[in-house]
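Just passing along the structure, written as C-alpha cells.
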Amino acid sequence: MNENARVVSMENLCKNSFLMRIEEKRIASLARPGQFVNVLCSRDNKLLLRRPISIMDADASGGTFDIAFEVRGEGTRLLSGFRPGDMLDVMGPLGNGFEFNESYRRIAVVGGGIGIYPLNFLVKRSGDIEIDVFMGYRCSDAVMPCRGIEEGGCNVYLSTDDGSAGHRGFITEVFEKNNAPGKYDMVYICGPVQMAERAAGLVRRAGGRCQVSMEERMGCGIGACLVCSCEVKTKDGTLRKTVCKDGPVFDGFEVFPEVE
Amino acid sequence: MNENARVVSMENLCKNSFLMRIEEKRIASLARPGQFVNVLCSRDNKLLLRRPISIMDADASGGTFDIAFEVRGEGTRLLSGFRPGDMLDVMGPLGNGFEFNESYRRIAVVGGGIGIYPLNFLVKRSGDIEIDVFMGYRCSDAVMPCRGIEEGGCNVYLSTDDGSAGHRGFITEVFEKNNAPGKYDMVYICGPVQMAERAAGLVRRAGGRCQVSMEERMGCGIGACLVCSCEVKTKDGTLRKTVCKDGPVFDGFEVFPEVE
Amino acid sequence: MHVNTGVSIAGVRLANPVIAASGTYGFGREYGEYVDLNKLGGISVKGLTLEPRAGNRTPRIAETPAGMLNSVGLQNPGVEAFIRDEIPWLRKYSLKIMANIAGNSVADYIQMAERLDEADIDMIEVNVSCPNVRQGCISFGSTPAGVAEVTLAVRKATKKPVVVKLTPNVSDISSTAMAAEAGGADAVSLINTITGMVIDVNTRRPLLYNNTGGLSGPAIRPVAVRMVHEVYKAVGIPIIGMGGITSAEDALQFIIAGASAVMVGTWNFNNPRACIEVADGIECYLKENGMQCIGRLTGCLELNGE
Amino acid sequence: MHVNTGVSIAGVRLANPVIAASGTYGFGREYGEYVDLNKLGGISVKGLTLEPRAGNRTPRIAETPAGMLNSVGLQNPGVEAFIRDEIPWLRKYSLKIMANIAGNSVADYIQMAERLDEADIDMIEVNVSCPNVRQGCISFGSTPAGVAEVTLAVRKATKKPVVVKLTPNVSDISSTAMAAEAGGADAVSLINTITGMVIDVNTRRPLLYNNTGGLSGPAIRPVAVRMVHEVYKAVGIPIIGMGGITSAEDALQFIIAGASAVMVGTWNFNNPRACIEVADGIECYLKENGMQCIGRLTGCLELNGE
C-alpha cells in the first residue's frame, strides 16, 4: 500500500548520506530486513518515478521505520530536502527480504557502501548469535554510523578503497583473508554487483551458502511492469524474475551461477 | 536582468491573494508603475515558463519591491508556498509602464480584480493630485487591502458582482454614472479585457484619454519570442506589438479602436 | 444526480471508460492489492507473444523530463500461459479483459487470435506499435499497408472485438487509423510510446541496454491528444486514447478530443490508485457539468476560429 | 589545459557549438541585454518570410509537462526588413548569423535565398518544418521528395551554406535527412517542434487559438537525441542538434549522438543565460575529460551490445 507517511527526523549521517525516520504504523510493523520502500522524492511530482530505498530499521511499537540513503542524483537530492513534519508518499514494505532461520548460529554480512544499510536491519533482527560484519567504503568520509551493527556486539571488519580507514582495498579481500567464508550458516551480501559476485564466489568455493540483495532500476516496484527483470538459474532452468517482487534478495548462486 | 532575489515577507491578503515583498536592489530602484517582473515560481524547475506579475510597489531606499498575486493555477500556487528567506529567480523590471505627466491634476484609475495591484503603485507615485479610484471585485471576500490607494486620500468607488460590498454590478457602471469619464487628464485601466474595453469606450465617448494595461500569455517576457503579440492601430496603420516589451501599457484607443 | 460513466466499445460494455494500459499493469494481480479491480473499466494485459519471451537486457527504464523510456521488449509468459494461469484469476473481477498481442509475423498474429478466440477474454488489442523488439510489431504499424494486412488477418481469425493499437512514430496517424478501420478493426487505441534515447555523458553509452526505448508519461500528452483529435476526424470507429494521463482532467482532454475510453499507463507507477482516481474524477466532472452520460463528451471539442 | 570548443560547419567557424534556436531569440537584441552575444557560437534568427507576416491570433503559448506548445505562426517583418534593420546591428557581434527562412512555395524559398545571398549573413537555415502555418513549410518537410525539391532550389539560388531544418513529425527522419543531403544541403538541423494540442476541459476548446501548436522543451529531448543518432547514421553532412536542451549535459547527449553543434531554444525563456551556461559547461566537460577539441566527441556514442 502507499501511504502518506510523516517524516519524524532527518539526520546527516556523513557527507552525502542521510538517515530519515518515518512514522507509518503499517510499514513499521510489517517490515522485514531486506525489504524496501518505494518513495516519491519530489513533492510537486517533478519526478515521475519513485525511488527504491531499503528499510534499515523498524520500530513496530513506536510506529516508525528508518531509511538511509546517499544522494546520487535528482531524486535522492530532493529527498534530502525533506524536513521533520513533512509528508512523504511511500509504498511498502516491498520485496521478499532476507531469509533468516532461527537455527543459524553464525552468520556474516558483507556490504559495500549504501549496501550496508539493509544489512544493519538484519543484524538487529537476528538476535544473539555470532555475526561477522564486513563493510567496504570508498573512503573514511563515507563510513557511516550503523546503530544496529555498532550496538550489536558484532565483529566488524572495515575497508576503504583509499585506505583512509580499515584495510586498504576491497572488503572482499578482507572477507577472503581473515576468515573462512565457508564457516557461516549463511552469508548475506549487499552492495555493488562486482563486490556481490566476488563475495558469492568466495562463499561458493568455501562450500557455504549466501543470499544477495540485487539492485535494478525500477518502474512500478511491485512486479507489474517487468522493467526490473533479473535472470535467475534455478534447478527448474533459467527464469526471469523481478527484483522488486521476487527479490531483491536472491540465492547468491542462482543470480551468480557462472562464478568459477 | 534576472536575479536571485530574496523573499522578505509573505502575507495572505485575502482568500487566494498574497502579497510578497522581495529584496532586490536593482529592480527596487528602477521599477515604475505598470511594469512587471517575470518569476520562476517553482524551485525545482518543475515549471518551465516564468509567470508575469506586476510590481505593485517599490521602495528604492529599502531595496525592496512588492508583488501581489492571486492563486490561479499551478504557478501561482507554487509561488504562494514561498517563505521569508527563500530565494526567488525574477527577471525585471519589464515592460514600458504607465505614462504619467507632471502636469496632470486629476486622474482616474479603473481596475478589476488583480488588475488593481499595478494601479496601486501608480497611485502612490502620482503625488498630491486628485485621484478617483474605481475598483471592481467578484465579491467582498476578494476585496484586498491596497495600501497606496488606502493611504493616498483618494476617492474610492467599489463594486462587487454580487453586491456584497459597494455597488452591485460592474465597476464600469459606477465609472459611467458617478462621474464624467471625460473630466480626467488621464484614465488608467487595468483588468479583464471586457472591463478594459468598456471603460476605454466610456472615456472615448467623453472625449478623454486613457491607458490600458493588457494581459497576454508569455514566453520570454522580453520581446524575443513574439508569443504575446497584440494588434495595435496607430496612425501609421495596424501594427503587431509585444505585450511584454512594447506594453503591457498601451494607449487605450490604439488597442480598442473598434469601440463605438 | 445519477450519472452513467459506462461506455460500450464494439458491443463490450465497460463500467467506466478507464482501462489500465498494456505493459504497465501486468495481469492485474499486483495492482489488485492497491485498488479494487472491479472499479476499473478494463485492463489491457501485458503484451503477449506466441512463445514466452525473455525481453531485453537491463537497464530497461530511464526517467526523462515528465516521462520515462522503457525497453522491456515484450517479456511475457506466452499466450498459452496467459490463458491457463491468468484469465481464470482475472475473471473473478468485473473489469473487461483485453489481450494485447504482438507478433513477429502475420502468421503469429493469426495464431494468437485464433487461440484467443476460444479464450475467455473480451477484446483483442493488436499491438503493431511496440518499438522495443527487432522483428515484426512496429514494422507493421509504421505503414497503412502493414496495419491493414495485420488487421485483416486478425479480423478473419477471430470473432472477438479487435482493437488496433497505433504507433505515434508516423507522419500521419490518421492514415494508419483508416487502414485499421478498412481492415475491419472495431476500434483503435493510441498512442503507444514514441521512440527515444537517453545518453549517459560519462560512459558515452545509451542508458538503456537496448539503446533506444519508448517514451511515455505526461511529456507526450499534448502529442497524444492531438493524434486522437486527428484520428477522430478520420475514422468512424471508437477510439481509446492514452499517453500521459495522470488525472481526470487529462483523461477528459482525450475524451473531448474524440476518445470513447482512455488508458492509464505510466502514471500507475507514480500513483497506484491512478486508474480509480481518474474514473472517480470523470464521474465528478459529469455531475458538475450536469451531464448524465459520458457519450456526449466524446469528440465535443469546438475548434477556435471555426 | 587549453581547450578549443570551436566548430566548423560548411566552412563557417563558430567560436563554440552553441547557437540560439530560431524563434526563441528574436534577432538577438533582447537577449543581448542579458548575455554577451559574442559568447554565443551563433544565432538562428526568427523565421523569415518573403513578405511581413502577422502570425496567428493569441493565445499562442501553453505550458505542458516539461514543455510548451507555441503557435506563433511565423510573425516576422519579412526578409527585406531583416536585411535592412537587423543585420547591421547584429554584425557588430562575432556570433555567426543564420537566416531561417520559411516559404509558402518553392518560389518563395528561391526568392529569399537569392536575396539573402547578397546579404551579410553566414548561413541559411531552410525551415521546412514549421507546424503553425497553413501553407507550405512543413508540407515540404514531411516527405523526402518535398525536402529534396526545396533544398535543390535553395542550393541553386545561393552560394551561402545551406542548413535544412527537419521536422520530427515523420515516420523516418533519416530519409528526409538523406533527401536534404542529396539536394545539396551543407548540414541539417533537427528537431523542430512536434505537433501537439492542449484542451481546456472547461471551455472544451483548445487552449491555443490556432488549436494545435509545436511542442518544445525538455519533454521532447529523448525523441530529439534518438533522431540525431538516426540521422548521424544516415548522412555524411554535419548535424545541428536541438530539442529540450537546458544544460551542458543535455547538449553533450546531442553531440555524442552525432551533432556537430547544438541549438538552445525554449530554455532561454526559463534562463536567459542558458546559451552561455551551456557553452561554458561544454568547455568544462572537455577540460575534465582531457579533450582538446570538441570534434572528437561528435558521434562518439558506443552502443550497448555491439
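Order as written gives the chain letters A, B, C and D; numbering starts at 1 within each chain.
What we mean here is this: a contact is a pair of C-beta atoms (placed from the backbone, for glycine too) under 8 Å apart; a residue touches a chain by one contact, two chains touch by 3 or more.
Worth saying up front: this structure is predicted, and the values here are computed from it rather than measured.
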Length of the shortest touching-chain route, chain C through to chain D: 1
Geometric centre distance via CA averages, chain C-chain B, whole Å: 47
Chain A and chain B, separation of their C-alpha mean positions in angstrom: 56
Interchain centroid distance [CA atoms averaged], chain A/chain C, Å: 36
Touching two or more other chains - residues of chain B: 45
Junction residues of chain C, two or more chains touched: 66-67, 217-218
Contact graph of the chains (line, ring, star, complete, other): ring
In contact (per the touch rule at the top): chain pairs: A-B, A-C, B-D, C-D
In the complex, chain C residues that touch chain A: 23-26, 29-31, 33-34, 46, 54-55, 58-63, 66-68, 70, 72, 75, 217-218, 266-273
Chain A - residues contacting chain C, complex: 1-2, 40, 45, 47-50, 91, 216-231, 240, 245
Chain A contact footprint on chain B (complex, rising order): 42, 44-46, 78
List of chain D residues in touch with chain C within their complex: 57, 64-67, 69, 142-143, 169-172, 194-199, 201, 203-206, 208-212, 215, 217-223, 225-226, 229, 244, 249, 252-253, 256-257, 285, 300-305
